[in-house]
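Two complexes come next, and they have one chain in common, subunit A, joined by subunit B in the first and subunit C in the second.
After this line comes the complex of A and B, so read on.
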């Protein structure tokens, strides 16, 4: 006879996209009807899905994107402070990804080219409003700034890979994608 | 002579044979300075190989240049022993005098200055290679003169001859270095005894490979001898591994300088035993200066009927050819070496099949270390039982140690196996030693409390390197130097090693910049486990050994560099906003990131 599953407290999950394209979040939504099952198991804290602006104490932080400006660093630190587990999701969080393609150029040259010299673009000068976060000299993967517990590779990781990671974590298993979900194409 | 004619002459000398591509590329480069796209296209067409394979080989090896490299190419050997002798300051001074950045060719195409992996001059560093000619014992005054010669474009061949003098520095001789064999003596004893009985003596002697792994030479020769050749032209081959790339090792250089006859004779004996008619000596590119003396030694042996057909009146035929490498540590691995001999990038093969059944040109091949082959001459002459009286039960005979680092008398020491580390330290005049790196970066780091351990396959196996560090040395920097070495030398074939060696290097640099935390140390252990288990060959398996050993034995050298017990960023975050602050002129609170922010 199957004993009924003990009622466990729902896991609190926060998600964010730093210097990313929201593609990893789209892939999360691609778990389709499994999202209903997910909602039985977790509740969302700060996330583009909830529009909650700041993170409270959480079990899991799901980070898409790398770090390209000061605000990204603040958000990432807020997540690290409040989440027991941080997962780097997707190529940009893990390696810097597409935004890091600017890393072989000097930031000063980029700003000059875009805001001052290039004639087709605005000539209003380099924006310096204190409201705007300053870009970092180089784009960094998130593990260079905070401790990251797990990495979920892919661009984006497939819905099945995200589902496997989430269900592994929920069940207390060390996440392991294994054959089929971890591939290079 | 036009460039095309020059290349054609090289190609003709090598019979337009693609398996000789390494030699074709090297000789072409020696004439033309670098390997231009047009040169590679021409060579590819001539040998009938796809162009991509030719550029694949050309771009794999550090010593081949597919971009103009400057008329003078200065490479500073960057082993830890060169560092300890002050190579960094000298190289810095050279760059300043020449108005150069390391690694860049000067605007006028005159000169480039860079570092290279250990060039095997650890007992007489700091060493450089200038246009691939070795110059040991660099000093400030020599440096000034050298810069003058480069500026006046004096050909390297006209530089002061004494600069190129490489010392043997033999400090202790035992049965091998004190041998009294005349040329041909060991070979004629082997011929008289015949291949089977000679093999029997080698097995009875218990001779084990001197390259570090210690595989039984007798078993290797027997397996090769028993393996049938393949295809339409079955043959057997003997390869002498003189790609002495392990940082800190230079004993093969000395054997090839002053005991070349013994090495060639050992190859001939191996040829007799396995039934090979051809031997190949793979000489590391750093020892390019030995090529001409070795070729002359071969010519003398041919004259004396010790090589060629009907050797010493028998019906035995054997000859030796020398192949030069081009600056790739990985080619010391026997299957990578064979790939290189065949003109390909030096990537280790998947084994089995082992080289003894499918080696060079897919034929049975025995690959032996220089010292192993030299030792076989003693066995062929005096017998296996005599040889086995020396050394220990499982490590018979003697071992050459290449002693360098903090001691009064660096150089070559030959000891019977079983010698303690402490005895070697006493003999070479080492005081206040805190550690010895035995068998190079891929070997083990022995701390002072272990100096009673013995050098033998039963305890500490070694390929010969013996680098000594006294108490003034920082063992973290020693390990970091080795981490950079492995990241540079990984062949790139398998992901665990290609990516892993770079991750290890980055973590070591992060700790060096005082950005480290205990998480980084954990990460080093994790990478060690992963790379040891998942790498394709020994390079990746052992690439974390220096970190693993020093973390276990010299952990405070790491810990005192850690910034805190919390996780730390790999960079200074506030400094990471510097360029944006400069360009926007902002200096408000939001234009700064505090490194210890806790929200």
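After this line comes the complex of A and C, so read on.
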């Protein structure tokens, strides 16, 4: 029979994907059965896994993706306000990643080519619904806007790297990734 | 009696005329560096190999070893400064490892792993650096250039061709130029067999039609950290 769990207050964790591809979240799920152990230790607040829409007071905020539009900036600031520790997860959160490949192009030129001029793409005009967040002129990593406490590089960071960071933080250690876990690709 | 100096408390033998870097390398001790290459004269530009010699900073690739000198290399102080220099390299170019063919075989990336660089720290510059895809066999992606000038030296000294040159000033102006009327690589006598074609420590000079041919896990620096590889290669 399992020993009863000690009554430790679970850490609250929020996660989000800004200008990312959800690949880092998929990599989090790649921790496989360790997720059961994780759920003994943490409970999720705002996250694509819970569908909670706004972040309450949290111990840990995982940010995937960089900043490509105004909504990304609002969400990031909400996380920074409510999370004691912010972790930038993955290449896009750390240096802009793939979305930042547009940074050497003019934003208007991109929108016009995609929505107006390129014949194989749509010709419906540049979307201007007020519900749509405005794109930023350039894509930025999140440390340019808020203070980031820890960085977890990778595209995506491997499940083992995510697990190492989580278990280090839960144990109160400074996260440290050795050879094979620290990867920029 | 052989001549020695102290490197992080360890005796390193050297022959007169050897730099601190050359002596350390021969002894299998890694001093972080990017612009230095064992086959070429020291350039001394990247400053990553800066050590403390008898308490004063100096470039280990250009400073001659002297008997009895006390050299600090992998101290927290020096590695912190090196990490900061690496972060500056990363923000002043466009270093997107996931889409780079050199990833896993890149000296800049491996050095950043070695020094546990977790983020670029500074604001990104995102400079606009168009690629040169004109040559039939070689792609030049200047986004990743760290201005080590190894291609300049290799082309001049080994290939006898003088294909590359350094020029311009400042983060946005300084870059590698191609010595042809058009400024394009296709209009030079550059060839895939040139020494300069295989000298680039980062992902600027890339052979075409060979991308990502080694799977992740089997690339040069997947196997062991760059410092271990220097140890393994020592005679």
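Here, the second predicted complex is superposed on the first by the 175 of 185 C-alpha atoms of A that agree within 3 Å, B and C clash if a C-alpha of one lies under 4 Å from a C-alpha of the other, contacts with A are read in each partner's own complex, and residues count from 1 in each chain.
By our rule, a contact is a pair of C-beta atoms (placed from the backbone, for glycine too) under 8 Å apart; a residue touches a chain by one contact, two chains touch by 3 or more.
All values reported here derive from a predicted model rather than from experimental measurement.
*Asks:* Judging by the criteria at the top, classify the pair subunit B and subunit C on subunit A as clash or fit.
*Replies:* Clash: subunit B and subunit C overlap once superposed on subunit A.
*Asks:* Look at A:138 in the shared chain and tell me whether it touches subunit B only, subunit C only, both, or neither; answer first, second, both or neither.
*Replies:* Once the two structures are laid over each other on A, A:138 reaches both partners.
*Asks:* Determine, under the contact definition given at the top, whether A:11 touches first (subunit B), second (subunit C), both, or neither.
*Replies:* Touch partners of A:11: none, neither subunit B nor subunit C.
*Asks:* So, A:91: does it touch subunit B (first), subunit C (second), both, or neither?
*Replies:* Once the two structures are laid over each other on A, A:91 reaches subunit C alone.
*Asks:* Can A:159 be said to touch subunit B (first), subunit C (second), both, or neither?
*Replies:* Neither partner.
*Asks:* Look at A:103 in the shared chain and tell me whether it touches subunit B only, subunit C only, both, or neither; answer first, second, both or neither.
*Replies:* second
*Asks:* Overlap of the subunit B and subunit C footprints on subunit A, residue-wise?
*Replies:* Residues 138, 140, 144 of subunit A touch both subunit B and subunit C.
*Asks:* For the complex, give me every residue of subunit B touching subunit A.
*Replies:* Touch residues, subunit B against subunit A: 519, 567, 569-571, 573, 575-586, 588, 590-591, 593, 597-599.
*Asks:* Once bound in the complex, which stretches of subunit C touch subunit A?
*Replies:* Going by the criterion above, the answer is residues 90, 94-100, 103-104, 109, 112-113, 116, 118-121, 123-124, 126-129, 216, 222, 224-225.
*Asks:* Quick check: in the complex, which residue numbers of subunit A touch subunit C?
*Replies:* Against subunit C, the touching part of subunit A is residues 88, 91, 94-98, 100-101, 103-104, 138, 140-141, 143-144, 148, 150-153, 155, 176-177, 179-180, 182-185.
*Asks:* Can you name the residues of subunit A that touch subunit B in the complex?
*Replies:* Spelled out, the residues of subunit A in touch with subunit B are 70, 73-74, 77-78, 81, 106-108, 111-112, 126-128, 130, 133-138, 140, 144-147.
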